[in-house]
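Some notes on the structure that comes next.
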Amino acid sequence: MEKWDSNEGTSAFHMPEWMQIQFADQKQEFNKRPTKIGRRSLSRSISQSSTDSYSSAASYTDSSDDETSPRDKQQKNSKGSSDFCVKNIKQAEFGRREIEIAEQEMPALMALRKRAQGEKPLAGAKIVGCTHITAQTAVLMETLGALGAQCRWAACNIYSTLNEVAAALAESGFPVFAWKGESEDDFWWCIDRCVNVEGWQPNMILDDGGDLTHWIYKKYPNMFKKIKGIVEESVTGVHRLYQLSKAGKLCVPAMNVNDSVTKQKFDNLYCCRESILDGLKRTTDMMFGGKQVVVCGYGEVGKGCCAALKAMGSIVYVTEIDPICALQACMDGFRLVKLNEVIRQVDIVITCTGNKNVVTREHLDRMKNGCIVCNMGHSNTEIDVASLRTPELTWERVRSQVDHVIWPDGKRIVLLAEGRLLNLSCSTVPTFVLSITATTQALALIELYNAPEGRYKQDVYLLPKKMDEYVASLHLPTFDAHLTELTDEQAKYLGLNKNGPFKPNYYRY
Amino acid sequence: MEKWDSNEGTSAFHMPEWMQIQFADQKQEFNKRPTKIGRRSLSRSISQSSTDSYSSAASYTDSSDDETSPRDKQQKNSKGSSDFCVKNIKQAEFGRREIEIAEQEMPALMALRKRAQGEKPLAGAKIVGCTHITAQTAVLMETLGALGAQCRWAACNIYSTLNEVAAALAESGFPVFAWKGESEDDFWWCIDRCVNVEGWQPNMILDDGGDLTHWIYKKYPNMFKKIKGIVEESVTGVHRLYQLSKAGKLCVPAMNVNDSVTKQKFDNLYCCRESILDGLKRTTDMMFGGKQVVVCGYGEVGKGCCAALKAMGSIVYVTEIDPICALQACMDGFRLVKLNEVIRQVDIVITCTGNKNVVTREHLDRMKNGCIVCNMGHSNTEIDVASLRTPELTWERVRSQVDHVIWPDGKRIVLLAEGRLLNLSCSTVPTFVLSITATTQALALIELYNAPEGRYKQDVYLLPKKMDEYVASLHLPTFDAHLTELTDEQAKYLGLNKNGPFKPNYYRY
Amino acid sequence: MEKWDSNEGTSAFHMPEWMQIQFADQKQEFNKRPTKIGRRSLSRSISQSSTDSYSSAASYTDSSDDETSPRDKQQKNSKGSSDFCVKNIKQAEFGRREIEIAEQEMPALMALRKRAQGEKPLAGAKIVGCTHITAQTAVLMETLGALGAQCRWAACNIYSTLNEVAAALAESGFPVFAWKGESEDDFWWCIDRCVNVEGWQPNMILDDGGDLTHWIYKKYPNMFKKIKGIVEESVTGVHRLYQLSKAGKLCVPAMNVNDSVTKQKFDNLYCCRESILDGLKRTTDMMFGGKQVVVCGYGEVGKGCCAALKAMGSIVYVTEIDPICALQACMDGFRLVKLNEVIRQVDIVITCTGNKNVVTREHLDRMKNGCIVCNMGHSNTEIDVASLRTPELTWERVRSQVDHVIWPDGKRIVLLAEGRLLNLSCSTVPTFVLSITATTQALALIELYNAPEGRYKQDVYLLPKKMDEYVASLHLPTFDAHLTELTDEQAKYLGLNKNGPFKPNYYRY
Amino acid sequence: MEKWDSNEGTSAFHMPEWMQIQFADQKQEFNKRPTKIGRRSLSRSISQSSTDSYSSAASYTDSSDDETSPRDKQQKNSKGSSDFCVKNIKQAEFGRREIEIAEQEMPALMALRKRAQGEKPLAGAKIVGCTHITAQTAVLMETLGALGAQCRWAACNIYSTLNEVAAALAESGFPVFAWKGESEDDFWWCIDRCVNVEGWQPNMILDDGGDLTHWIYKKYPNMFKKIKGIVEESVTGVHRLYQLSKAGKLCVPAMNVNDSVTKQKFDNLYCCRESILDGLKRTTDMMFGGKQVVVCGYGEVGKGCCAALKAMGSIVYVTEIDPICALQACMDGFRLVKLNEVIRQVDIVITCTGNKNVVTREHLDRMKNGCIVCNMGHSNTEIDVASLRTPELTWERVRSQVDHVIWPDGKRIVLLAEGRLLNLSCSTVPTFVLSITATTQALALIELYNAPEGRYKQDVYLLPKKMDEYVASLHLPTFDAHLTELTDEQAKYLGLNKNGPFKPNYYRY
């Protein structure tokens, strides 16, 4: 079993500043109940939870002008239960249809349900969850239920809940506490309602961003005695766990599903290969053919963006700091340049570095009229948008997510999503990508819940490769893909188990 | 510093049978001096040394009908030295020109020479080497010399020596003991002449296949007292080292350069993307457009083959045993099938699995007339060629490396290179790929030779990532590629050193 | 039988039924003024005008609930003129901004304006136009004005007018008669207001669909005495002209700009390569990677669709009736199948044939659950949508332009845009494509207006290749593309004029 | 000025100088029997015959040191006939095997044979042919025989005959007069032996380059009374025919098969897409990934080269003189430059223009060390190789077809094939491409031979599109490609015959 720490030394030189800063923020959260005043820092922390599973699909029922807080309403589902808190239980039917549509595109979870009809691998599990609440999450929750688990759920983001989906879950008996547009106080109240229950105590945690985990740490530390493990899927939440582990304060096993191979490939390479085109098209209706583009960063995201744009007839330049990735860019047919060399000539600038201030005001000053600037990488740090908030520049909002920043000489720069992530703001995350994530989460819960005593200690673990492979295999039928099985002779020759794992942990895929 | 063993568990379930068998063979080699009778097993062992650096370029001077054994000749170079043994010292001038041409395509080594003019990082190093002896190796050896080292060299393969290059090296003062067509006895005699010298004792070993290392283990174990490290580049040699390490018998640090990132990408993905086309074209003059091809295995080699053939207009099917690689194939646009599903319809079958008997007689029986079968993967095990040596089938050699195997009904299968590696038998390894390998070797030698006491123990190590990145960076100027440097602020933000390493060890590139 | 020197006979065997039928409809139009009752057939005819220049961009000001007909309003522009009829002259400012944005993406027309500052190639021209009225058309009209022409304009489609753009044109002095949502009676009234003017008679016609031309034929045949030529850009309009010419009734030269090389490539290959992805993504948010797609038809549109989807990792099958195009599909790496062979397995069906009933109810019955069906080809005939209007099937509108058609067993087919053109309904036509068309129109007008007596007779002509090349050359600066000039020696060697044309007319590009 | 109905005028402005000059040369040939002294000019003319069907495959039996001229030998085949003249009739068996292998890759001709078993469309035809004599030609000849024709054959090139194939044809009864290494006198003697026969007079001509046609014009003009037509496949030969036609001297119908769609696509786009890689690899063993390449000319050949190199990871620049092709290059993702802009930085220069002196000495002076220069376009005029024959430059032949040209400062330019066509000199033409050509020739012969009186006049014709489509359809089974048939309803709708032709003549594919 691979432990994160076994890659020691690695994390030593990889303690990025933004994580450290963030951790400071988070420690605050443990010390004092967030107040209205603390809202900015808190909502920032919340928004850093795993946005990769946040579907930008708009709620169909947002136009509701019901101003009453859900906390002040009395609602019951059709079976008479009122152990939930959602915007409007009457939206359940509409949410159910959304869930049914999502089910069709999440075949892996549906397959898990089928396989679990005899055995219930999560029988006895009491899972408390805190994630975005979308149709896809609903499919995950109902799958966990079908596998034998009891669940209670809150939202990990105050904006992302689909109210009708929450209603549908409540209607079918899930204690869900979430609505779109929660206040900060609501946010923590909902979480508390999930864990602070008479006669019910969770034994598993599924978290996205770490807020739930830390609430329990702060308020109900004794609860960890019964908890068998934590599954966490966000960069931020994972980082918090490693910090706890380092500080010797992690008192249960935790599984980092963010870094599983299958999830990473889909979150980055495959998803961005499509969303870069989609995001640019929806915002600008531009034509890609013949356009000169510079892509900053040639990691998985950059590779996806470059491949897509090259295929559409763009001329793509790449910038990189890492010589190995730089050499890959060369071998893939991209000119490797410094940003300054091409900044005057390009039509589009795309950042995918995970770094900060990759595009500076100086770069922006030198771009040509009409140049499009967007960020596919990380948070909102890559483009120095703040530097554009100066008096001599005029901002003009021309569409949703599209600003023209106008220089005194009339030059216009087209800034997308104000420098936030284009793929989340101006495109959608395909359900198939979310299916990969949800399946990974389900298997991690099963693994932790069923692991024999001693397999996992009070540490942070990667998903076992065999389970990672299983996630992949559950998605192959979607493509009518037929896997070959090793013969006994071949397995012996290769020194492999016929059922995997098939690769050493360091394999690079 | 990453140790191989830190990926523990991995190697545990990755002890392939063919390595185990081979190791048995190799142990024999330590026990008795190979005899004429032992030739088959030995030459097999030899041929398993790193064929990846074996250039198929023919010697220009092979037509020599000089039958005298070099061991029986008296030769001197122009400076009067006779401390060498080559086919014909008079071929030196021709070999020199080959070396000069190779120098032009190995800019990284030439850059190392320049940088080393002030400091001599290998001053005092006494390197004994055992590799293929080609123009590219010569550039490496002369670079090591320029960096301050003394070298003595033998061939790691009895067939691959370019005689004129060996002559050129001897002429310029390198004690080289190698010629094309050595007997088994010659082979070990040459190695012995490298190490068994009055008044000179090696302190570094550069090996390719492990024969030199094991000769010293067997005959001169005391020599290891002065040896600072071993650099090994072949799969086989690396495996031998891990066996020694496991058995507690490794008495110096060893560096596995086979698995460095840059080398792997070039040996597999980039090289095979081109050599699959080249190998097929040179042997069959076929047209790729519209052809149906099945590629068995979607690792780096398979990915390269698939990408190239797809780009040329072939219709490509993929078989896989690993669900993660299988899912990658799907997302890259290839139908994932079992071999049986398409075997009747495909025009070409390519194996890249590392496995054995992937293409069986049953498959061969079902292929259509004219189907081309070749192996890009591993050794000669992937296609069950032996099964074709039956009386009812007729073999017809139609060109060098091309056999028609004819069924009783007239059906012909086109078998390339008798199932051995197509890219080595029917294509060439570009100098640029060899430059990556040679640079990796040089840096590994420098690292081991200069490492402070205690950094490396008696174990097998991967090349430090920083050095791996350095290899890549030395090859960027070839592409006029300009790397971006982190600002201080950015480095701090990312928690990185501005000079690298830039990625954690588990990064998948 | 084909002779090199002549393409005659070509059109003989290419008189498709739908054109014949349509022509019958059109003849009706000449015979009687359309009435309310005739509306259906008429609007059908109208909708067959060149939809390729119809931008789907929504008007920003449609929410206006002003129900008064523009014909009943009294409006004046700021200069006091009331020679126009638009929805609301007060929207002029907003429309002006739209025009200014379009100007930035139509550099060829802007270049024409600049070059025309000295000479006014259209001085004296009185152009009456009937096209879609969009920001791009406005740039064309104002360019014609800058080149010296007077213009009067009506809309060729009762739905496509952008009211604010029409207002802006009216404000700056163009007599424009058009609004969104005209009745059939309005439609002809507007056209009539363009031509039936005291003291002004057109000498050039720019038409899109042929309605204007035929109105003049019917009502003011004497007007043709002063008319120097007609420029027509739609398939339908061009067909009408050939019919007139055949019948010996064409009394002025006409230029068919629909078939110019540059326009064709952009309307079909380049535009569809991007819009197929955009249209699918906006409607379904699907992931392309690994999906199985069948594209019916491998003309320019099919080639564009196939290339794009292949690049995104889809597995693409092609159907064709023409063996030459079929062989091209093979050589480009697509399996050529009959639709029946793959209909059960594909995830997406795309038609690009120009044919009718390519996808039949029988095919639809056999598709798998969730299969997406859309049309990129021609009109709305390719998919037999009517066959889905049967009682046992349920239609469910799930989004704008997206219907689920549900079979009794629960199978859902996802039908896009009800079988109408996906790229027009669910994507946008990039301004660059419209720029190519508009520039072609402008040059055709200049050519016809300035041609010496006798160059053009009463016939239909293709845009001279030299002008076609000029359109292309005006768009090269967008890409910072630098054309090479022939030396005198080279021009002589090739037998070419240094300024073109560079290719024979039969050249296939 | 171009009219839709006619492509006339086209050829008017396309009388390239090199064709005019060549024609002057050729007129000489009609005036005087070539003498030893005239050899240079003649062989030049000969070498300009259709080299596109010349396979570079070496004869396997050339090492023969038999110096006797075939004209002086007495040879009989096994049936006792001596009506042939080949190098050595005993090589027949080896040639037969070559023919049999070729048959497997020329399925279209084999299909024609089968279909012709009942009817013999060439019964009574007496065909005299003059082409390259290769295994593929043999398959064509034997197909013509199977279709009912009698044939007599000479070589169109003094170097390209495969002696063993000629022997096999002679052995099976074909009067063949050809051998490798004919003198000029031999060349015309062989042609004369084909036509000047007692009791046999040709009624069809199949020519490649026009030498046979013109020999008959000059020596046996009366023969044309019985000749039903000429089929010509080379650019040069076709040009000669148009000249004759223009001069009113063409006295039989002639068919230009060079410009048929299918043949053109395969000769240029599809063939060059593969042969550019093959030619570069075989000569230089270079790696394509990351290399900077400039391709001069973006016609079909240039498009093929660019697509292939881009796919292999090269960075490709394009130069063009034609704005339409230039715009295509932009939309396909290539930077359009003038050669001067990139000449210092590129690793490879490839010409595909059909022009002369595209690469001048000035360009060559500015290239960087190691730059590779080659010609994929036309003849040997594109690179000014003559300018490199100056005293200060040293030429060094490093391999067959590879010269290093060395500047005084040591800079080396790698010149391939001395500036002649790379794809013919250093690669092979796949049999599939030759199959397309041979099938086109066979169908043209059938058409001309069977055409009803009056269909063809004394003029030059293109292959009817229906036959062009038939050539394509005969090659579809190779790819297991399944063509869709129009329904009656669809055919009516499109105004097409169900059996084609499916496109108008001006269709651009």
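The first chain written gets the first letter, and so on, giving A, B, C and D; residue counts start at 1 in each chain.
Keep in mind that, in the parts below, a contact is a pair of C-beta atoms (placed from the backbone, for glycine too) under 8 Å apart; a residue touches a chain by one contact, two chains touch by 3 or more.
If you want to know which protein each chain is, UniProt gives these names: A, B, C, D = Adenosylhomocysteinase.
Everything numeric in this text was worked out from a predicted model, so none of it was measured.
**Student:** Quick one: which chains contact subunit C and subunit D both?
**Tutor:** Joint contacts, listed by label: A, B.
**Student:** Report the chain whose mean Cα position is at the greatest distance from that of subunit D.
**Tutor:** A
**Student:** Could you state the distance in Å from the CA-based centre of subunit B to that of subunit D?
**Tutor:** Centre separation, subunit B to subunit D: 42 Å.
**Student:** Roughly how many whole angstrom separate the Cα centroids of subunit A and subunit D?
**Tutor:** Centre-to-centre distance between subunit A and subunit D: 59 Å.
**Student:** Distance between subunit A and subunit B based on Cα centroids, please, to the nearest Å.
**Tutor:** Distance between chain centres: 41 Å.
**Student:** Could you list the positions in subunit B whose residues touch two or more of the other chains?
**Tutor:** 270, 289-290, 312-313, 330-331, 335, 479, 481
**Student:** For subunit C, which residues are in contact with subunit B within the complex?
**Tutor:** On the subunit C side, the touching residues are 289-290, 310, 312-315, 330-335.
**Student:** Please give the residue numbers of subunit B that touch subunit A in the complex, ascending.
**Tutor:** My answer: residues 1-2, 6-11, 13-20, 259, 261-262, 264-265, 270, 319-331, 335-339, 341, 354-358, 381, 468-470, 472-473, 475-476, 479, 481-487, 489-490, 492-497, 500-506, 508-509.
**Student:** Under the touch definition given earlier, write down the residues of subunit B that touch subunit D in their complex.
**Tutor:** Touching subunit D from subunit B are residues 57, 101, 104-105, 270-271, 273-274, 277-278, 281-282, 285-292, 307-308, 311-313, 345, 369-370, 398, 427-428, 430-433, 478-481.
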